[in-house]
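Every chain is named by a letter (A, B, C and D) in the order it is written, and numbering of its residues begins at 1.
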Amino acid sequence: MSVRRIGILTAGGDCPGLNAVIRAVVKSAARRKPSIEVVGILDGYAGLVEGRTRALDDNDVSGLLPRGGTILGTSNRDNPFKYIGKQNSKPQDRSKDLLKTIERDRLDALIAVGGDGTLSGALAISRLGVPVIGVPKTIDNDLNGTNVTFGYDTAVTIATEAIDRLHTTAESHHRVLICEVMGRNAGWIALRSGMAGGGDVIVIPEIPYSIPHICEALQDRIRRGKNFSILVVAEGAKPVGGTIVSQGAADRRSADPRPRLGGISQVIARDVEDLSDSDARVVILGHLQRGGTPTAFDRWLATCFGIHAVNLAEKGLWNHMTALQGNHIGEIPIAEAVGKPRRVDPQGESVQAARMVGTSFGD
Amino acid sequence: MSVRRIGILTAGGDCPGLNAVIRAVVKSAARRKPSIEVVGILDGYAGLVEGRTRALDDNDVSGLLPRGGTILGTSNRDNPFKYIGKQNSKPQDRSKDLLKTIERDRLDALIAVGGDGTLSGALAISRLGVPVIGVPKTIDNDLNGTNVTFGYDTAVTIATEAIDRLHTTAESHHRVLICEVMGRNAGWIALRSGMAGGGDVIVIPEIPYSIPHICEALQDRIRRGKNFSILVVAEGAKPVGGTIVSQGAADRRSADPRPRLGGISQVIARDVEDLSDSDARVVILGHLQRGGTPTAFDRWLATCFGIHAVNLAEKGLWNHMTALQGNHIGEIPIAEAVGKPRRVDPQGESVQAARMVGTSFGD
Amino acid sequence: MSVRRIGILTAGGDCPGLNAVIRAVVKSAARRKPSIEVVGILDGYAGLVEGRTRALDDNDVSGLLPRGGTILGTSNRDNPFKYIGKQNSKPQDRSKDLLKTIERDRLDALIAVGGDGTLSGALAISRLGVPVIGVPKTIDNDLNGTNVTFGYDTAVTIATEAIDRLHTTAESHHRVLICEVMGRNAGWIALRSGMAGGGDVIVIPEIPYSIPHICEALQDRIRRGKNFSILVVAEGAKPVGGTIVSQGAADRRSADPRPRLGGISQVIARDVEDLSDSDARVVILGHLQRGGTPTAFDRWLATCFGIHAVNLAEKGLWNHMTALQGNHIGEIPIAEAVGKPRRVDPQGESVQAARMVGTSFGD
Amino acid sequence: MSVRRIGILTAGGDCPGLNAVIRAVVKSAARRKPSIEVVGILDGYAGLVEGRTRALDDNDVSGLLPRGGTILGTSNRDNPFKYIGKQNSKPQDRSKDLLKTIERDRLDALIAVGGDGTLSGALAISRLGVPVIGVPKTIDNDLNGTNVTFGYDTAVTIATEAIDRLHTTAESHHRVLICEVMGRNAGWIALRSGMAGGGDVIVIPEIPYSIPHICEALQDRIRRGKNFSILVVAEGAKPVGGTIVSQGAADRRSADPRPRLGGISQVIARDVEDLSDSDARVVILGHLQRGGTPTAFDRWLATCFGIHAVNLAEKGLWNHMTALQGNHIGEIPIAEAVGKPRRVDPQGESVQAARMVGTSFGD
């Protein structure tokens, strides 16, 4: 069977490069022989279930490359069958509605751009008989099967620029400046931006921290004449023993489901001040890391992923997702990538390298 | 009396351009006939009282122009006489120690770079018989007597870039994104970055906000097909009636004197979510606005102020501070600038202009 | 007569902020009581003569604020009557065609956004009985009557960032790096970016340079242990005596009218290498200074100018252009602003200040 | 033998990340057990031959991470034996002087940071019995054996930002804008920045261009309603048949050995204007791509390479260079990396991908 029409959707949190993927899919689909039409599905799996779609052509994607966000919208729900539009209402199986949309729009295949949850959802859809292709997306860079995901480089770049800015203030005011970056389960953003920005202490979910050990690292710097320090803290950081949870995590469990700003970095700031003479200040980058124009690298990678997703559809390599493998754009079965996040190995070469330039992990 | 040696100190919060002032003072003092020597006073008024100083020459200021922060360090204490080094200890009059430093280092005059408090402190010192020159510094831009202060353009630039980034996420996720910027008493950063970034609602201390009116503005956008909005909120924003204070302000009053992250923007987010269907997210820029390399404008202005401060010292125009007046670098008596912050006029042309492009002030 | 419909056109070279002006005019016109409609005229005076226009509403200007360029297009011809569409054909009087467009589109007034030539053209149009308002635009910042024009800050910012980048290479390679910036008749961009970037020699059209004096300045630096230097050169730089013209100027005179890259900075590089041991390299920024997203300041100023242009039309203050006057957005008669470019005063405070931090002007 | 003292030198053209390598080598050498001392060799192989060195410790490398350039200086000469300090004088064998420096400073090994020529030079030195380690450096990214070299990402980022800026002007003025980027033999910078910036035509050394084919691509865009185009041209671009050489190349052959600005992009601009109605403008990025603060990625990679170079020295893995292999920092024999530049494969997946989004290569 030759593919004539593909649907594309973006799901999950915002990520720089989504528009570049959409553009590349549309542009490169039009150049196949025979050409392939592209249908955009609005607001992720929600639009698929609710039948909200629009045709996409060259004009729709003109000028999209440098733009953050996604013209298709996205939703935070990963499960395509239980999506029901309203919070707190009873889940229902929406798989029939989903198939109706695919039939109505005569989609021969579906390209799902998203993270672990979205890709798992895509596999579930494939079991209904819909051919699917995945494009991995996570600024956290914690997906297996690809060297890196688009969005990560942009997030690291923004975090590094922030650390650069905080450096001068820390130095002038002899302070501890804490920069909280994204990474609920994996510390990749903290680790790389911490190394690129010269963070003195990097706190990641994979290595539980101890306040006394962090303070020792700060003391050690003071002894060497450096009366200021930069901490880079992943939002998912956990203390040794693990009894203190991040406020964000606590919030999610509490009756009120809305996330609140303020998290583990503020706990750390307070504790550091209590145990030392230091004056600590916190900046939480939050959504700054998710939006805005992608870096050149992310635009390139997202473009390559979009093109290769159409390649995979042309070849009928269903249930695969695109992947960066060294300098080669390849693919792996989605099933091999999802379900087990790639986390920082506390004994691995990345952490060892960071220790070699004097970085403390607070352990 | 011709001036042979000048002391220079930087005081108050960090501000991009301080190093550029120091560099310009040192470089331009060396080029006078006869040349003037410059002594750097460490950590603001603290160093003056405690006698911590260092000579500064061309080599010390080489490469300083693009660097944020201040090589002299700074302190947050404005009162030069009561400074005592430790928090919570009893204040004592340190004016004799201060004069001892000035005598020891044979300083003919003092250049004080700082905000309202620092400049008032400089006037107090002048009453001890020390000739002083002021250089205005505040990222809030709320000082009278000068069109603008250095640091403000950098803060506005960073805020505008942040708003740009948040735009794409707001649009993709149909959300309300709130960007909290500095401005405890004056809304200049919020007003200008809000206009430069296309903020839909700008909340400033000078115009108390009403949650229902903010929600109306958001509703109005939804009616016009725009299911997302950007709020730019100054940290000093106050609701109509004024009963709810910013968490930061509350913190300062509470037993524990340490500032905490999280403020009025989170209160607004919560209230907007309660009163509307909207999903709101907050980013607080905090110290990102204070550090890092100054913009080209701020480097230029800081350089001009440094040069002109030495001009004023040469001419003996004591108790004056440098000022930007149109395209001219001039000066005004410090006494005319301090004590009454320049605030946004709710009826003034700036606010009227913003309303004309559809901005709501939530009033 | 109350104004119901306004035409707007952008003319002359590209300039960051043009789209922000268009957006502000459209948005603020819609909010007048009664509201004012806006008609966009395509490609400057060419579209006016040829009748190419389009209505503009809120949707057309959505998202325009951060975008460089102009959605209306522009043309390089300043004379609205002689415009004839093709190069080298005979000029004809097109004033009747122009009036026909204005009548056809029922335009009560015309807002012309442009530089000296465009504004002079607007005055000429006003003499046909068409009410006109001007908005000044020049990245060179050489217009009288306003403290500054939008586009200038962006050009200076780009130039300063370029100088920052060249610094490290100059230092590592012990070289002379020359950065050529715009400014055919006025050296404002070179002067400000040179001061903001720490240029060692600044060469501007208003101060003829002497190669021996430039080399002396470089020698002087080497004597002080700095074996590298940065030259910032305006494209309109002229040697003492003036016999050597910039290659660009020569090109313009030559039979072939197309501009060529390469100019005075290459002549200077060659001459410096001939007279000294130095190794010199040149970067010509050219069009990089004209395009791309405007700085926060330029977005703000362009927005204010767009709003105030509609104010002036509402009040019937014809033949005036908007102007920044200190912190106030005002206006002056176009006739007072055009015809005599504002140039750098070789004896003025700006040049004196730059000399005070050690800058040589090669004179 | 355990390594106690290492020398490090940087050679060849400037490249963002050199300082980050030096910092990582010094910091990580100090943390070995037993610790390793580091000696910096000034100005590349020149300093090695002439005995100009300095000890480096933690303080020397403090704050270096974000700084472009190299504190050690560099030289353009690759051959360590024939270096003689003056141009055009007779080459002499300086290997004895070189060994004298190594003996005098008691260097157990040498880390050479540089490109193909520098690394070949290092191998030559190793044949004198000096243990060497290589760190690959080229902004062109044309070295074998590593996925990527540091500096490349920064160069691509700067080129992409420039293309973004030129886009708006091209669009507003209906012009052809040509951005010339580095790449004498390999088109990687042009290819990646062209894809990231949305270049319509990408001209690289590996695919000879034909002006008629370029003009066809421009015509095709005009037919689709896009009356502007962006060309991204590598400095080493060659026309089909190859008879026209870049002016830079011609210069290098001419009697006067000094390079001149202006190259193949200007030839292309002229030819495109001759063959079409288009108005073409050129910007040559030149040294902008080599200097300034490295991107977060390049700082990270350079840091990892510096650390791993010391690892290799500790293990005695002589004659190897560090390499990025997927997500792993590894090493390969220098001999396998040098001598055969990695060039763009005209039939390879990168070029095919670019064609799929509509990019023309002018062939």
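Criterion: a residue touches a chain if its C-beta (ideal position, glycine included) is under 8 Å from a C-beta of that chain, and two chains touch if they have at least 3 such contacts.
Nothing here was measured: the structure is a model prediction, and the numbers come from that model.
Engineer: What chain lies farthest away from subunit B once each centre is taken as the mean of the Cα atoms?
Structural biologist: With centres defined by C-alpha atoms, farthest from subunit B sits D.
Engineer: What is the distance in Å between the mean C-alpha positions of subunit C and subunit D?
Structural biologist: Once rounded, the distance between the two centres reads 35 Å.
Engineer: Taking each chain's centre as its mean C-alpha position, how far apart are subunit B and subunit C in Å?
Structural biologist: 31
Engineer: Report the inter-chain centroid distance for subunit B and subunit D in whole angstrom, where each centroid is the mean of the CA atoms.
Structural biologist: 42
Engineer: Show the residues in subunit B shared as contacts by 2 or more other chains, in ascending order.
Structural biologist: 161, 164
Engineer: Assign the assembly's chain-to-chain touch graph to one of these shapes: line, ring, star, complete, other.
Structural biologist: Basically the chains close up into a ring.
Engineer: Give the pairs of chains that touch; include all such pairs.
Structural biologist: A-B, A-D, B-C, C-D
Engineer: Tell me, which parts of subunit A touch subunit D in their complex?
Structural biologist: For this pair, the touching residues of subunit A are 23-24, 27-28, 31, 58, 62, 65-66, 147-148, 153, 156-157, 159-161, 164, 192-193, 195-198, 224, 226, 295-297, 299-300, 303-304, 307-308, 310, 325-329, 349, 353, 355-358.
Engineer: List the residues on subunit C that touch subunit D in their complex, please.
Structural biologist: 10, 14, 16, 18, 67-70, 73-74, 76, 158, 161-162, 164-169, 171-174, 177, 258-262, 266, 270, 273, 281-288, 290-292
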